[in-house]
Each structure stands twice: as structure tokens, then as C-alpha cells.
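Multiple structures are listed underneath, in C-alpha cells.
What follows is subunit A paired twice: with subunit B in the first complex and subunit C in the second.
Then we have the complex of A and B:
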């Protein structure tokens, strides 16, 4: 385990010195405001810009007419959030679609003019989602390269029919928006035909490639800068059509242009986590062994794009089921295209599975922890491939002990409503957390100077996870420096190509590349140290420590002496890391915008990180108010580079899970397919008062197979399973099964009345 | 947001002169938000925050044997922190402490708080039909997502919920609003300030356009200490009420002599539940009596597709508030005498 180093950019952030993309000072900056649609389906009949253009200070109203031919539509699924460039479209595909961009001398003039753009529509009746007519249903398998087929094994129907104990239940998860604190924004500046875009991004390499295509330019003339990011959670992964449109606006007005979206616009012009509906059928023997498992999912997507999460890819492999049947279907409605949001497949699908596990444990009369133990596996029930490492039950045991699970067992494991504290019904619950261990190609440059300082450069992204700190730690350890002596530059497409900050790949990928580059420098120092230095030392005994090069037990030299010997003041190494099994040229592919993520269930072995989460809930006997006074999660994720930032990720993840369980839901008006709650007043996330005790346990685990750094990404692990643990605890407290999230008091009151 | 004229009034007279055509702004926590959202677009804003320089009473809390007087520019947080209010009018202190967030309460004025406008999602987004925002355009909430909406005092034109907390506390304390206008000063019971939507949901109050709220006046009462505000919401803090209840009780040997009950989060206006009050008189205050009162309080409820839960929830909240108020102990005599606070 690495050292619990505090974030090296923490002080900058909390003192307001970190410069986020929309803070970039630029000379002669013009301000842009988007105009968005107020219908979800139809056509633009007229778009009158006369009044807007007449507002003093307005420089440009960029509409379809004005943009014609200058923007190539994005490609969906290769870093683009959708295949639609709205400024090329007469058609309205979804609520809040970008219709025009007004550019003016000031933000106020741009806003005033944007309000004056007069739009009339030819309306069509939209389909809002699952329960409205007019939706189109297509198979998820094959709809995206991410989800080639529905995992299956054995004969589910026969095994299910024969099983003595069966469950058939339906679960629903709500649409959710990421709501990063930092608003979405694009700032574009042209300089002699070269474009620089400042925008919070989780994939600067991919965006540069996307922009080159959409603006028909050479990628070499484009730079995307995203040094600090105020929260992303997937929302800043795929590039949205606004980026190219603002770049075009800046070109037309021949000035730098900045467009900051409103909070409400973020709900419809960026991506979101789509709602799902899941049916789970499970059959088990009296011995507690699952014999048949079927997981069917319906996921909402847009008309133009087949976005699929396919969490069955993970749920189909989680336990030793026997026969497995899965099927994913996409429900296409008049909505904006969904996208990645923190553990996109696992969050909804594991909610369904883990709720079902709790229900089945009850049918069997088993302790839910023991039910998982009986069905624990070290191999994939679908393919037979083994897990490189899987410490699920160790996580359960450590978390159960720290949490005091015995209390529930002592009270009678399935005796509901038995624990009470005055008006509050108390319940305890648990669930599994799981996330694929993935890794991506990454390049890094490391420079060591004779004064013992190092610079690490890679176009990876610090979205708040702590990867900048972890990269500094990795270089410091490899080069024998202190963390303070390492500077890390990230988030700039001009740097060596870095991976998308997605799939929890950053720490594993960045550290693997940084280690490799540091190894190159170390080799050079080793050669310097061993030239004409008496008896040869082995490379293994050569270490860099506290600014010294230690040849072996008897001999060491200060770094400065070796630099002198080499006749230089700096050593630099550029290294490319590509995961095992990658196609040749993976880093070049990365530069072209292909993230090249490997791992999970894709390779010859299964790579996953696991955890177990336990929660205590209190439900008010009169009002149905639900509180979560305590959460304990134990997680095993290979080598922990920095227990402090790791804990923070897992803690934040569990709080996310709490929000998903109790609060978060994007509400879509079923008649108009319009988003009704579009800001943080109506879209609730937990506040401090909702978050009480949260404990994170890091379970030691060594896995040298997953990647050279031995790291399993954990940024998206903590929020998986939390909502099922809370549902399980609510059931224990009240005897009422809630199968839909968010679980709000009205659902409990409704159950109470029936 | 559209351009507007902004100026400051230095005196009440000056504010009143501008008032008929201008919009008055104090804390701005509601108005500025709605201007940004395009819900309202006043052409002329008059900032009255400076008035407490000229008329100190506007920013002052006075508590004496006659009762409590809260200047309209007193901030919610100031009133919430006042020890005399906490001791003698706990329902008022609670209603303030449970509203919004501390940051907002530090900005928001009491006068403005009383008049805050609904948070109906269809009212807050200017492109939806809304009889309150655009008379005659229809109501998108009636058959829309109306989980937050009112079940009491509704009409076929509007079901928007009155969002505030303090008004319910003022109702059960028989408080009055001091209005200053060109015709002088008048006192109006809080109960008469808000108008139910009926066919004219755009008319929200009985205030004249040229009047300014200058104070809230709460009479002294020997039993105002036996008062409680219970609020239930979707998260533990910083959210509008799904249902709330303010109660004040006059008990004699365990029996209810008088009761005051007001409901929040469930009605179109701060809702005085007189039938529930009547149902309690003469009864011992126990769960059974509280439940009868709660049934009476919601007898006239009209629910829509998504807000039917507000009836059982509102009833449970009221039962809780009654039982909790009944269990309160009187404050020590020193603080009951009150203190005058500048």
C-alpha cells in the first residue's frame, strides 16, 4: 500500500487558485449563450433572429442557416455524445436541443438576445419513455461494440422450472444526471488557423480527434486544454456538439468565444444515466445454491443513437449460478442520448441483482451474507474463465465484523420490523459492490533534473480522483524523490497521449506508463553509475533513494554527480504503455481517439474489483422518512496507491449510492417528454445532514496479473450495490420491499395503505 | 434575464413612491432566482435594504410584554437565533431553522419570506403553460408531474403549493402584518394576506401594489410557548416541505382549551385547519384525539395522480406535531418575561 499523501493540488482548489477551463483569461473574449428547444419532437418552422441581432453588443447569432456546411456531424460511440449536430438539423430530437448560439460583447447582452430569439415549431407527439406509446424497441446485443452479445450459459428454462425455490421480480432505476459542481462550458480561441479549446474534458486526446473530424481540420492544429475539472462523473467524457459549434462561432467572429451552459441546459445538452427496467428470475435449491438466473434489462435511449450499458455483462458472472440467461433491449424515445455515468452498467444492473439476492436469501431463510458465500465463485459461470483475484467474501467478513451484522442475526435474520428505537424502525442490510478492472493505453514523459526535481507529463485527467497526486507518488518512489519534488502536468492534448478518465482506468494506466518512463531514466542513471565504477553491480541492487543513487550496499552517489558524469542537467524518457493483449499501435490509436480499454470480462481471464457494503437505516414509523445513520464498506482493489485518495473515492462513491437510493431522479413529463426538474432545487442530492457515519475498509489484495502497477481502479466501485443494501435494510426495518429507486417516503406510505 | 433599472430607496416614502410600478427587492433570494429563470422580468427594481438606516424599526426585533414585533428587513437567521423567540414562540424559531439553508436564511428578509412564490416546476420554467405566470394559458401541473403539489385550497386553474414555513407559524400565533402605504399604516392578519387560486391564481395576495410590508406583529400569549413546527421533506435539510404542521396549544389539566393548527406543503396558501382545531377542543390531548383532528384537517383534500400520499403524510405530521407540542415543558420564568433585542 502506498503512502496516504494529501492531494498535491488540494490547496490550489480550496483556495480558489486552481484555474478551471472557463476561468482562462483571454484577450478580447466574447460571450456566448445557447438557445434551446422547448419541445421534444418536431421541426423548426421558423427561427427569427431579428430582435436578438438588434440587441447592442451582439456579434453573431449562429443558427442552422449560418452554420450550413461548416460542421460535420459527430460520430456516436467514438467519443461523441451523439450523432446529431443540432446546428445542422431542422428536426427536434429532444427537449432542450441546441438551436442557436448567440455571441455578444458581454454575457448580459448574449443572454438578453438569446431570450429574444423567436422560434416556432411544427409539433409532433413525443414519446417520453417506457410507459408512453410510440417508442421503438431494439436488441441491445450488437447495438454497440461495447455490448456484442447477451451472456448465456446452459438451459435456463429447464433449470428454472425444476428449481424448488423461485423468484420473479421487476426492478426500476431512475434517470439521473451527474450534476458536477462545475457547469459545462466551452472556450474556443483561434490563432493563425490553429484552434485551442478550453473545456472540462475527460478525454482531451479523443476530443482533439473528434474536433478535427467535425471541423474538417488537421488534428495537429488543435489543442484541447482541461487542466482542472470541477467534477465530471462521465458527463465530460464524450464530447457534445456544442464544442465544435462554439469553435465555429469563434472563427466567425474572429475572437475568442466562451459559452457557459446554465445548470438547466446541462440537463438536455449533455448526457445522463438513463432509466432501466429489469426483470430477474432466479431459481435455487434448498441447499441455497442458485441453479438458474435470468436478467432481462430494458434501457432507455434516444432515437438517433443506440446507447447501451448492458450491465448483464457483469451480473451474469457475479455468482455461481448454474444456467444463465440474459437479454438487453433498448427502448428508443424522444430524449437526448444518454451516456456514461459513474459505473454505467453496474449501478443499475447490480441494484436489480443484489435486491433479488436479498429476496432469494429470504425465501431460503438464509443469512444474506451466507447466501452469497454459498454462491461465491472464482470462475465465470458463463465462460469458465477464472478471476485473477476475487476477495468478495473477505470483504463481507471484514465489513460484517466492523458493522456489527451479528446484531441482525441475533434478532432473527428474517424477522422484520423487530428492531425499533422510539418512532424509528431500524433495519440492517448488505449488498455486493463490483466493478471491472480495466486499463488503457497511456503515454508519459518524465524529466529528471540534476537538482533532484521531476516533471511528469501525460494527457490524463484529474477529475477529482487524485490521479495527479498518485502519478507524483509513483514517480517520486521510482526516482527516490519526495512527492513535493515532482510536478505533474495533465489535461492538455499537447502532452503525451493519456487515457480517457473513464472505466476507472486512470490510476492503473497512468501509473503503468509513469513507471515505465521512470524505468528508462533509472536505466540511464544505472549506466552512468556503473561506467568505470569498479566491480559491476546488478541492475536489481541499483536503487534511487533520497536523491541518491545506491549501487549496492557499499556504494552510493548523489544524483548530481551522475548528471555531471553524463554531462547533462536533465534526463528525459518517454514511454508508452499498452495493456496486455492490445492491438499493435494502441497508443497511436489512442491519439486517434480510440481509448482501447481492456480488462473486465473481455480478456482470457476476468478482472474485477469487489466490495461489500453494509448499511443501517431508520424509517420513521409514522411518516416513512428514511435515514441512513451508518454505512460500512470493505473493498479489495489490488494495490492501493494512496489510501487517503482511495478512501475518499470509495466514501464519495457510497454517498453517491445513498443519493441514488433515496434522492436522485430526473423527472420527465410523460406528455411532452420534457425534463421537469432541471436544477439542484428540484433534483435532490444528499446534503451533509443526510450523510452520517461512513466507514471505508481497504482489504489487502495482491494481484500482479491485472496490470504492471497491480492496481484495480476503484473510482466507480463504491457506488455499486449501495442502493440495494439500503433497500435490503428498509425491508428489514419495515417488512416492505421497495424495488424501484429512488426510494422515497411516498412509496413506503403507498405500501402501508395497500 | 432582461435589462432592468435598479435603484435604491433611502426612505419608506421614497420606496412607496416607486412601489406601484416597481418591484421591491430585499434579500433577493427568490426574486433574483426567478428573474434569472425568466419567470418574472421586472423593468424596475427598488432595493429597500437601506431603509433600516432611516427607519431602524424595519431591521429590529422587539420582544416585550405586548408581544413580538419583527421588522420586515430582519433576516430569517437573526430571528431564528433570538433566544426570546426560541423560548416564547418555539414554533416560529423552528419554522425558520427548518427553512432553506443557513446561507439563504442569512440573506432572506422576513417580509420577503412571507411572500415567497411557489416552486411549482411548471411555474418555474417559463415555456410551460401556467395560469399563475401567464393568465389563461392553462395549468400543466393538473395532469403533469404533481407529486409536490397541493391537496388543499386547489382549483381547476392551479394546484401550486405555497412553499414557505414561517407563515404557518405566524398563523398559529395569530400574527398580523403591518402594511405601510400612502394611506397610512394598517394591520392585516397573516391569515388574510394570501389568496387561494380560484379562477385567478395570478392574484396571490391581498396587498395593494403601493403597500410595503414594514413589520410582522405577533401578540403575546400565555400559551405560545406550547407550540411546535414539524416538517417532513425528501431529504433531511434544505428542501421544501412535502408536508408540515404548525401547532399551538392551550391546555388545561391535559385537556385542550384552544388549539391553533396550520399546514404547510399541502396547500395553495398557508393553511389554517380550523375544523381540526375545533375537533380538539375539550378533548384530552392523546393519539386518538390527534388522529380525529388530522382526519378533519384533510377532509376536503383533493388529490391528483402523484400527490395522494400527502393526505396520510400530512395527517401523520400533524399528529406528531400535536403530540410533541403537548409534551413541551414551559420555559423558565426569566425568559418567559422576554427580553428586548436591538
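Then we have the complex of A and C:
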């Protein structure tokens, strides 16, 4: 553990042998294509499948008529992306809603037939979002079990009125789509009443439970396989209604069926990051201490489902504010239901807060780093609970030194436009990164054989984080083997239940379970080693190292000798790990589809990981083009299991932050509530040419309280704060405050004109 | 915005089918279809049935495969579904992401934008055929492992083939040039800095 080991699945990935779900070879496979709605609100008047069914090779056109009574609608919020099963609906709830699934002998025939399904509608006028009429606004508090109340402390109004320095600003964050490189797909195969689904999933245990309910089956007869996942970022966490529908299609045609969504369909048949609008009010004393903080958010959601972003859970606790007021409201429109996207609450809400921190630092004439230091805290201003560890200012200091923040201080900290380089206006900015440390129940089975090889099994998910590799490292260290001697099996609901690949829980949860199972094997080996071995040795002195069992100094034996003593060729241990404070039966609950995530602000102490990000921007004085030549991030996230994969995740996270800051936005037609830019040409994500220098610093931190592995998780830390650091740098370069992301050159040009 | 077809986009396969027999016309108007494709186009026009199958020989990773193909089948789908070469990935099917990059006569091409029937007479190399011998790796593959130049691995086969071509084209002169010439291959995990490092590493070996 802790070594920069190369990914154990690297060779499979660079040779094309890693099998993603849609790569699964199946005999007699039929191909399916989805048909989706071209309006956002209304009813289906007619759906004519005659021409489609007449295309040679078409096996089935699955519509509402054919599906009737066979699909139970999902439940939203328990692993389901929405409460709607579109194939049960006459109503159109959103643009691009699934209307039918065409199954044919070939992809070409299925596509041809899908284009021939003729649909007519009774149109209603849809509400597209925040500034269109007809939206419904409801309180966020209590709308979801994830967000029971708006955090509050003290008397905000009085403190704000009395504060000598105040800020009142509004920020907007755009709707975004995850756009993992791998398209969404479902492949379903039935065998004597047993169903196997191959689909990229972040939660195979939960999906099996979901499918059992939606198809009215015994979960024991369902298997969900997701061995490799081509990126997910939250989009493959909750199961979408297509999965059960494709399973039904396969049942009806009595053949395996594969349905690969188009890139465009991914925008409307899965989830997305909801757009938010935030109002922040902050009052401070001349000493720089914040006395009052209010964070109000409006978040887009769908008509049927109350998805809550709720980033105030984190922003309310980030600094020593004094009085705190927060309020979240949901704006319900005719859109598909949003969902989790990489650091779902923190990305938008910390953007607002950190922009406000920068603006407030300016009002106070303080170095923005020092403003954070003055308001740093080791306890939650809302509950008074302490942080288990918080290395925020250490991150600032290390990143500032590596970045050369002194350059800005030397140029006059609030002197904007001072660092010009020819036609390029240069600016430096910084912001805080923060993400809750969470952990979930997890089961694991470890088998050690007499030849010194180990097998680790757990239904966790390799979405690119490197969890397969760190699980191997963990078992290798605990059993005294080399990483090459450990095989890891993941991504199959037939394996011991694993956690959802969400909330950055995987490494902490999986490693805790693997350690526990390895401990079980160690105990058996210890007992074997102490049989007829002279004076008793303590379990503490017993270690496994380089294929040897070391009883204490002076006495050791090869593993094979202990196996011989035990009269077996293999030892196996199955272990269930449940986080401290979990309800009894947490692993059984996990099998039922309840992730059981603990940590963050939920427990008796606060568990969070922190970071500080510094960026340099260059803004072209004539065109407004914005470039980011350099980013430096320092992060403290407890124990780092593998610095190589950790660095890659943080690096990718920071580039995600860059994309959010400058590129990404899902455009919705305000009149028709339809998604306009639903492909990778018009939805901009960072490409290689957008990225220059990115530096990651791993700040050492030990935290034994968070979980047995001491891991805080960092898959979602890196992209928090980045876009506010970029906003701060743009202001420093140009003297113009941009409060909406993405920050594109048209916004700078607009500001230039006014 | 007017209502469009079901998916809201004009679809290649539907377009070809709808214009009736115009698989030929479609193919003939595409740039550099090659002699074999032109011959096929003429044959398809004669057949008049856009769904008629065409017998072609595809040369993939040095091996000939005789296949009966739908004229509308992309090279990408054919590699994956007919030849079982699933290392080539579908990321958009519209030539916007680079995940399906293969080498055609040594040049990088997007296999989703090439009809399979047009690949006859050309040498197609996929990720499965890049290594010089079984159980070995091409220097670019090794460099991607060494530099951790991927996370989920989905765009990786396309990145690697594109990177090999990038070096051979002489477009890996410096980091800026690599960035520019690798920008057709999107990596959503954003391993870009590591991809640059991998290309630098492999270039030295490839040119040695």
C-alpha cells in the first residue's frame, strides 16, 4: 500500500482486451435501437409501428402496448434515476423520452426501422427552466432523505445588518452532462428464467435489486455484470428505465438483445448535472472575520422527481462564519430528472462560495489566501462538531509555494490587469477544494493458495479510479505477496456485495473489507504457525512477508509449510465491513440496494478532505480568448493507497474543473425545452489542446478515525473549486467579475461593452 | 427548432436507405473511395435494393476476412460485431470523439465514418494488431502503461493508434504540436498530460 504501482489491468486496456459490457460476445445476438420523443411535454396521440415492423429483419417493436403490465415503474431516489417507466406512459415528461425499442437481426435494420416509427403528439407548452413560465418551486428541505433540512446557526439577519463589510451576489452554474466516453448500453440475456444483464454500472448490487422489483422477479435469478466501465462520473449510478425495458425485449424475442444508445439519447434518457442559481450574502468585520453567511440555492429538477443538489450541506460548514443561513429550493420544469455528477453538491455550490470569498477578500483588501486563513476552522460552525482532520491551510501553503503566488502579492494583490504579457492579460487565482469523506458497507472474499497466489472478489466497480489496483495492493501487503500474485475480480453482482462507485467511497470501503478478509486468513495462518512451535508468539509479532510467515524475530516458515500443517491447499475468508455507526445488517441492506453511505457531516464528527488550487489564466486583450497555461493543486486526503492513480484522478478532476469553468454547458431551447447541443461537437469538453501544465501535490495526512484504511477518497475532490479559482484569475487579469459558468469569451465581450 | 426525425438527427443509415439505391451515390460522392469501392458502388446501384448484401474481403491486422455485408454497415460495427474485434470502441458514431480510430494503410481514420464496404483493398490495423508479435507490446502501448495515460481505458485504443500515427506523421515535434494533433481524441477522464508524456516516451523508442 502506498506504492505507485502501475494499474494491474493496464495491459488489458492498452491491448483492447478489457471487456466493456457492450463488448460481450453472445451467440444469436439481436440489436436494439431506442426511439425517443421529439417534444418535451404532451401526450402520445398515435404511435404507428407498421412501417417499422415491415423492415426485413425486424423482430420486435416494443411499445407501450406490448409492454403493458410487464414493467413495474422504478422508485426514484433508491437507485432509480427517475420514477417514470416511459413504456408505461402515454404522457411525455421531457424531451427525448424513450417511446419504443426496435429489435432486429442487425444494427442497420434496427436503425432503419426505428426511423420509421411514426409518432404524433398532443402538444403542451413546456417549461424549460429557471426563467420560463409554468415552473413549480418547492422547498428542497425534506424533499429528499438526503437533504432533511437547510443548515442554519445563529441569527443571520442581525449579524448581516451589523457587519461593516458586506457582499450580496448571485452566481449561476450551467446544466452539464457527464459524457463518459463509453455510450450507455444494455445487453440482456435470458437462460431458463434467469436473467443476465451486461451494462456499464456503478452499482451492480443495487441494479440487481432494482431489476428484481421492476421485472417482478427473485433477485437470486438476476445477475448484473459490469467488469470494465468506460467512464461514469455518476451517470451510471442510478439505473435508468431502459435496462428493464431491454430485458423485457430480450424475453419477448427469446434471444439476447443489445441496445447501445446514441450519444444524443444519452442526454435525455440518463441524468445530468442540474443548473443552479445561487445568492450569497456575506458580512465581515474589518479584521477579516466573517460574521454572517447566507447561501440560497435554486436547483432545476423534473416534474415527477425531486432531485436535490443541496451543496449548502458542505458550504455551511467550510469556514468559521458566525451566523449561518441556508435555503435550497427546487425549480420543477419539463426536463428529464437530473442526478449525480462528479462531486454533485460541491461543484456548483463551492463555485458560488469560493467566488464570494474572493470578492469579499477584495472588499477587505486582504490576500485571498490570508482571508481563508483568518476564517479557517477545526469545527463545524453549524453543529460545533470537530473535523477529524483538516489540512486546508497546509494545502494552501504548499500549493502557493509551488505555484509562485508571491508574484501576485509582489504585483499588488488587488491590482488587476497588472501582469500583462503583450496582448495577453495574465491573472492568478486560487480557491478551496473540499469533499466529504464517506465510506460504505462492503463485503469481500479473499482466497490464498499454498503457491502464494491470492484472489480478491468484491462487487465494486472499476470506473477508471484504479480501485482494482489498490485492492490488489492492499491484499498483497496484508498477505506478504507481490502485487502480481493477486488477482482481483469486480463488477459482477454474483460476487460479494460491493459499494456504489459514488461519493468517493470505493477505495476506503473496498480496502477496509479486503483488509478484514485478509485479517481472517492471517489469523488462520497464525494459529497454524503456533502449533508445536515452542514458546508462544503474539499475534502482533506475526507478519506475512515475501511469501513467508514470520512468527517473531528468528522464527519463520514458508507459507506452503503452514498450508501443509493445516492439511489444505487454500484458505478463504469472507468478510463484511460496515462503517462505524451503521445500522445492523448494513451489508444485507447493501444487497437490497441500499448503499448505506456514512461520513461527511452525518456522524458525530465531521469527515472531509481538502485541497487548494491555484491557476494562471491568460486572457487575450482583443479577442477575449481565455487560456489556462498552469494549474497547481495541493490535496490532503488521508492515506494515499497509490500515488500514481491518485495523481491521475486529481489531475483529471482539475481538468474537469477547467471544462466546467470554460467549456461545458447543456443548452436548452427555452421555448421547446429541448436539448440543443447533444453531441460531442457542440457540447464542449476539454481536449488535449485545452490543457497545458497541471501539477498535483499530495500533502501527507494521517487520519485514523475516518475508516480502518485511513483513506479519505479523492475521485471527486479535484474538480471542486477549480472553476472559482479560474474566475478569480480572470478577474485578476481583466478586472471583470464573471459570476456564471461557463465563462466564455462572449461574456467578457459583453462586459467590455457595458 | 423544427421537429426532425426520431432521434432529432439525420442518420447516416436512414439517409442511405431512404434515398433508395443511393448507397452507391453516397459512397461515390465521398472523397477518395478507391477503386474497389467505386466498383461496389456500381454494383449497388444495379442492385437497387439498399438492403442488398455485398460480398467483400476485408484485410484486418494482416488477415483476410470474406464477409457478406450490408452496404450501410460502418467499418466500426463490422470490426466489432462481425470480426469480434471489440478493442475498437464506439464513443459517438459521428466522428467527434476519436474512440474508434484505426489505421487504414497506416493513416489514422475514424472507423465510424467509413462504410465497411469501402475498406476493401485497404490494410486495416486495429489495437489488437498493433503489437509486433503475440505477448509483446508496441512501444506506445508500453508508454501508456508507464505514464498512466488512461483511467477508464475506453478511449485508449483510439488514443494509442492515433498517437502512433501522430509520431509517424512527424507531428510529435514538441508538446504543443502533440496537443494539437491529438485533439481529435477526447479523453473524458482527462489523462491528457499523461498522454503527452507517453507519446514523448514512445517517440524516442519508435525513432531509435
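The rule we apply is simple: the second predicted complex is superposed on the first by the 753 of 754 C-alpha atoms of A that agree within 3 Å, B and C clash if a C-alpha of one lies under 4 Å from a C-alpha of the other, contacts with A are read in each partner's own complex, and residues count from 1 in each chain.
Following the convention adopted for this analysis, contacts are C-beta pairs under 8 Å (C-beta built on N, C-alpha and C of every residue); 3 or more make two chains touch, one makes a residue touch a chain.
Just so you know, these numbers come straight off a predicted model, no measurement behind them.
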| item | value |
| --- | --- |
| First, second, both or neither for A:38, with subunit B first and subunit C second | both |
| Partner chain(s) touched by A:463 [first = subunit B, second = subunit C, both, neither] | second |
| Subunit A residues touched - subunit C or subunit B, whichever exceeds | C |
| Partner chain in contact with A:231 - subunit B first, subunit C second, else both or neither | second |
| Partner chain in contact with A:652 - subunit B first, subunit C second, else both or neither | second |
| Touched partner set for A:744, first subunit B, second subunit C, both or neither | first |
| Which of subunit B and subunit C A:684 touches, first, second, both or neither | first |
| Partner chain(s) touched by A:676 [first = subunit B, second = subunit C, both, neither] | both |
| First, second, both or neither for A:115, with subunit B first and subunit C second | both |
| Partner chain in contact with A:161 - subunit B first, subunit C second, else both or neither | neither |
| Set of subunit A residues, in rising order, touched by both subunit B and subunit C | 38, 108, 111-112, 115, 264, 669, 676, 678, 681, 686-689 |
| List of subunit B residues in touch with subunit A within their complex | 1-3, 38, 119, 121-122, 124-125, 127, 140, 143-145, 147, 232, 234-239, 242, 309, 312-313, 316-317, 319-320 |
| Complex contact set, residues of subunit A against subunit B | 38, 108, 111-112, 115, 264, 423, 622-625, 627, 662-663, 667, 669-671, 676-678, 681-682, 684, 686-690, 744-746, 749-750, 752-753 |
| Subunit C-touching residues of subunit A, taken from the complex the two chains share | 6-7, 9-20, 22-23, 25, 29, 35-36, 38-39, 56, 96, 106-109, 111-112, 114-115, 117, 119, 178-183, 228-233, 260, 262-265, 463-466, 644-645, 647-649, 651-652, 655-656, 659, 669, 672, 674, 676, 678-681, 685-689, 691-694 |
| Residue ranges of subunit C touching subunit A (in the complex, touch as defined) | 1, 3-9, 11, 13-14, 17-18, 51, 70, 72-73, 77, 80-81, 84-94, 96-97, 99, 126-128, 131, 137, 141-142, 144-146, 148, 150-157, 160, 178-180, 182-196 |
